[in-house]
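Structures follow.
Okay, so chain A shows up in both of these, paired with chain B first and chain C after.
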Partner chain A sequence: MKFSYYPGCTLKTKGKDLDRYGRLCAEALGVTLAELPDWQCCGAVYPMAKDEIATKLSAVRALASSRDEGTELVTLCSACHNVIKQVNHDMQTDADIALRVNNYLGLDTPYTGETTVLHYLEVLRDRVGFDAIKAAVKNPLTGRKIGAYYGCLLLRPGKVMRFDDPENPTILEDFIRAIGAEPVIYAMRNECCGGYIAVEDKGAAVKRSSAVLDNAAAKGADTLVTACPLCLYNLKKNGGRDDVAVVYFTELLAEALGVK
Partner chain B sequence: MSHGNNAAEQVLRSSGVDVRKCMRCGKCTATCPAFDEMEYHPHQFVYMVEKGEIDKLAASPSIYKCLSCFACVERCPRGVEPAKLVEAVRLAVIRKQGMNHLATDAIPALLDEEMPQQALVSALRKYSK
Partner chain C sequence: MQRIGVFVCHCGTNIAGTVDVVAVAKALGQEPGVVFSTEYQYMCSESGQQLMRAAIREHKLTGVVVCSCSPRMHEATFRKAAALEGVNPYMVEIANIREHVSWIHKDMAEATEKAVILGRAAIAKVHLNAPLQAGESPVTKRALVIGGGIAGIQTALDIAEAGFEVDIVEKSPTIGGKMAQLDKTFPTLDCAACILTPKMVDAAQNEKINIFAYSELESVKGYIGNFKAQIRRKARFVDETKCTGCGICTEKCPQKKVPNEFNMGLDNRRAIYIPFAQAVPKVATIDANYCTMMKTGKCGICSKVCGTGAIDYTQKDTVIEREYGAIVVATGFNPIDAKVYNEYGYMDSPDVVTSLELERLMNAAGPTNGTLLRPSDKTHPHTIVFVQCVGSRCDETDERGKPYCSKICCMYTAKHAMLIREKYPDTDVYVFYIDVRTPGKNFDEFYRRAVEQYGVHYIKGQVGKVVEQNGKLHVQASDLLANEQLHIDADLVVLATAIEPDKTARSLGTMLTASMDTNDFFTEAHPKLRPVESPTAGIFLSGVCQGPKDIPETVSQASACAAKVIGVLAKDKLTCNPCVAHSDELLCNGCSSCEKVCPYGAISYSDKEFRGPNRTTLIRRVASVNPAVCQGCGACTVACPSGAMDLKGFSNKQIMAEVDAICK
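And then the complex of A and B:
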């Protein structure tokens, strides 16, 4: 199984573990992630305005080069995933944006949203299958109580992301079961950690992140998993408690597959 | 007044939002995680843009408090997408010369060791042009 892979800038720096374990696990599961040779930073936030064109170009470049490779495009960082999937949706549904982007880029073949964008978790669920993952587990995480932290960007907007039910997701809980642990359901699992507000209003980030962690702890979680470097940062730095570990889901998968 | 109307038209065009779809249920505001930090809340953006009160919104710190969490977009029963209005008003401000909310040289002081690139790139995209 071969895919194009877009790591994004944070996975090359502060978020190296998300990437490193993701690659190791993919290999162990027979999935080839071929890093796009010429990717540029996606900008980390989806430019919502219809008249923002320049800020959508790097996502379209990645989408077009994946199309040219003839492969589906896999992302791992929740933020990159959100940006690239939403921009792809614009290219499919907004003729004006698509025209202006293509005028700018001057590609040999104009890009009109042909590429399928998959989050790594979608590859696990829809291409590999959680049953196959369960069968590949060498060290089941038996007895661990793990809360899925979806945050915002994997799920919303639901009609664009089409990742899971945006208000009642199950993909991460199914993942947690596949690696032998017990999923903990808590209300704040798909509410915001504060995101980039941490840069200039730490107090606001502390409020949001501690609400998430306190809720997960009250429901008995010993660990939270995330696919987002900024969520990981906020929950660890601004969540105000250290009795709940916060880790990338790829790290737990690597542990379970015995490749860590 | 004509200035106000032009600004409102620009915000409507840039956001793609149809404010007339709003039924004033307040669900967007009820679910907004930035509620405490905001002076004007998502449902107020909707009716203030409809009334052409762009100047008030543009002068409010509220435009820098939105977390772009898409909760209001997801949970609005009418598909209004209030976050897109917040973004369009903020863009109308920071696109003007000298109106960046976050200057690049102010950044080093805001950083800590573990803060990921993603945070900075996001903040720059949201607060500066």
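And then the complex of A and C:
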């Protein structure tokens, strides 16, 4: 199983663990992640503006280059995933944006949304399969009570992301079961952590993050897993509790597969 | 050669505004065989018909072409007028120059040309028309009502009142349906049981009404006036003729852990049970999935305590066959499963309940004897949040919800809020709504009373999330009018879940060949003018199976439906449509293609003797059509490879002549 891999800037700086364990686990599961050559910033939040095409260009370069490789494109950071998938959707459904982007880029073959964008978790669920992961687990995390923290970017907008049910997702819970731990269901698991507002209004981020952690703790979680560097940052820095550990899901997977 | 008269209708300006009717009449007057052609302002009016009848007499017409509105509107009118002058009604053809021409075209020259072409096609067809005689079929004077809720009960009572026999088939052990589960009814707040149970008793005591409870429809064959139905009478393991409904068995049964569906699973019942005190028929039923005796062969307590020896563990399902003249669908509704909307925490906390569950929590015969208590800790809730439109009025692409308004939720939520505020004035009640919809007699007054007199907090906005934490329900919502976020700590959250047709409706629709919409509601024959009939002859619709309704509306429709059924049963004979298929035995090669496509089972095959060459006799397998069963759909005429099958009134030759006339 070979995929093009888009790590994104955070995974090379603040979120090195998400990337490092992700690669180790992929290798252990027989998945080849070929990092795209010359990838650029996904565009961060800016491509969400509908009337702006310059900010979408770098995401389209990654998509087109994955198409030229003839492979599906795998992302790991929730934010990059969200941005690239939304830009891909624009290229598939908005003829005006597609035309202007292609005019600007002048690629040999115009890009019109041919690449399939997968999140690492979707590769685990749909390509490897949670049963196969269960079979590959060497150190099952038996007895651990782990809460899934989805945040917003993996799930929404639901019609574009088509990742899981945006209100009642199950993919991370299934993942937690596959690595031998017990998933803790808590209502705040798909609520916002505060996101970038932490930069401007720390109080708001504290309120949001602590509400998530308090709810998870009340339901008995000892650990939360996330796929998002920003969520991890907010929950750790602004969550106000240290009795609930917050880790990347790839780290727990690495632990379970015995490659950490 | 036919002598054809052409009558072009202006339909006021409906047709004449876009079509040059004078030119059409003139052009069609030139067609071969046409001996008279005219136009008139309203052909369907009494004077229009008189004009047509005079022309038939004067010009000795043998065929008539009317260029007017759709044949669905006035074909019958013109056929009757022609018949009065001795012209066979099937010699009348309609060219639809309103719906097919004037209403959809703007340019007069184009529209006029098209009207002439359609008129020519109709003339070409009349040349080949032959007089047809409608047959007759007898009527079985008994009706079948499927579903024993308030809709089915009311329809059955009204049909019985007119002196006809009615069978009610109900799949659960008792009739009564959803209304039996309700506490009070809006807008008068009378108790549901008090007004329903007398009707249930009436139905049980009426000599004309047979109640087949705990029974399901297995198959239906036949057509209007002559349906044959097989009904599966499921084994109760209790002899209905012996059981007196004393209830001793239901008290002594040691299996106490069976979720009680009548109380929405909020408490438990025994394995042998009578759903509620006023059940009809009041007979015990053994739930074989939970009965220890049935599962392990060890117990038999109910059999020992039964004074009349009614318990029979070996009872088997039986299938009975009954004949009917008309069938009423009254299969009702169910609330959707709230678990798909888990953002409201239905699966996370027992204190998030549906409105139907709340009915049971407030009902004196419910699990809490009518005292409103939280299911989790049996304490009195002080802050209650109602969420309206849970699954109603959703986006078309929303897989979880329904696009339609469930219609009853605004009113029952106002009722719940009002009753709670009256009984427990120390309670704070919030209602989150998209719109409050209260059309109906005394409905808006009722809702305003909830707001103005009872101080219920109505907030326009949706609830986004309900988070259960440490026994409290944190409700996150938005107040759209104040444009602010709300956070309410509630003790109880009530979800007004959308209603959907009963799950059995889809398969029943297929069995009855009765059409349904995309939401599985049965379709009426006409949305305004024939609201209680299915397009399939002999099938009638009563209650929510046709669309969301409250009780007053359901009862009105149930009675309307009964009136239509009585109209069928009161006749001794029904006129059959003579436009049915017919097989030319000399052309038939016995391939069975037609038999396979016939949706009504009207075609059968038999071996027949034919004269062969040199005085020999050949035996060939040929098709024949039962004209009483055939509905004239024409599927067989298309399937027949040898051209033996033809539809009277719409023969291949007639249709080709029309096509030729259009393409000329």
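Throughout what follows, the second predicted complex is superposed on the first by the 259 of 260 C-alpha atoms of A that agree within 3 Å, B and C clash if a C-alpha of one lies under 4 Å from a C-alpha of the other, contacts with A are read in each partner's own complex, and residues count from 1 in each chain.
The working rule: a contact is a pair of C-beta atoms (placed from the backbone, for glycine too) under 8 Å apart; a residue touches a chain by one contact, two chains touch by 3 or more.
From a predicted model like this one, the values you see are computed outputs, not experimental measurements.
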_Under the stated touch criterion, which partner chain does A:T13 make contact with: chain B (first), chain C (second), both, or neither?_
first
*Does the superposition put A:S66 against chain B (first), chain C (second), both, or neither?*
neither
_Looking at A:A218, would you say it contacts chain B, chain C, both, or neither? Reply first, second, both or neither._
second
*Once the structures are superposed on A, label A:V199 by its partner contacts, choosing first (chain B), second (chain C), both or neither.*
first
_Is A:T55 touching anything from chain B or chain C once the two structures are fitted on A? First, second, both or neither._
first
*asked:* Output check: A:E191 vs chain B and chain C. Expected answer is one of first, second, both, neither. What do you get?
replied: both
_I want to verify the contact counts: of chain B and chain C, which reaches more residues of chain A?_
B
_Shared contact residues on chain A - chain B and chain C_ = 167, 191
*Quick one: which bits of chain A touch chain C in the complex? Just the residue numbers, please.*
159, 167-168, 185, 187-188, 191, 214-215, 218
_Parts of chain B lying in touch with chain A, wherever the complex brings them together_ = 13-16, 33-34, 36-37, 64-65, 67-71, 73-74, 83-84, 87-88, 91, 102, 107, 110, 112, 114-123, 125-127
*Which part of chain A faces chain B closely enough to touch in the complex?*
8-10, 13-15, 41, 43-52, 55, 77, 79, 152-153, 155-158, 166-167, 191-192, 194-201, 204, 207-208, 228-230, 232-233, 236-237
*Which bits of chain C are touching chain A when the two form their complex?*
340-343, 345, 348, 397, 465-470
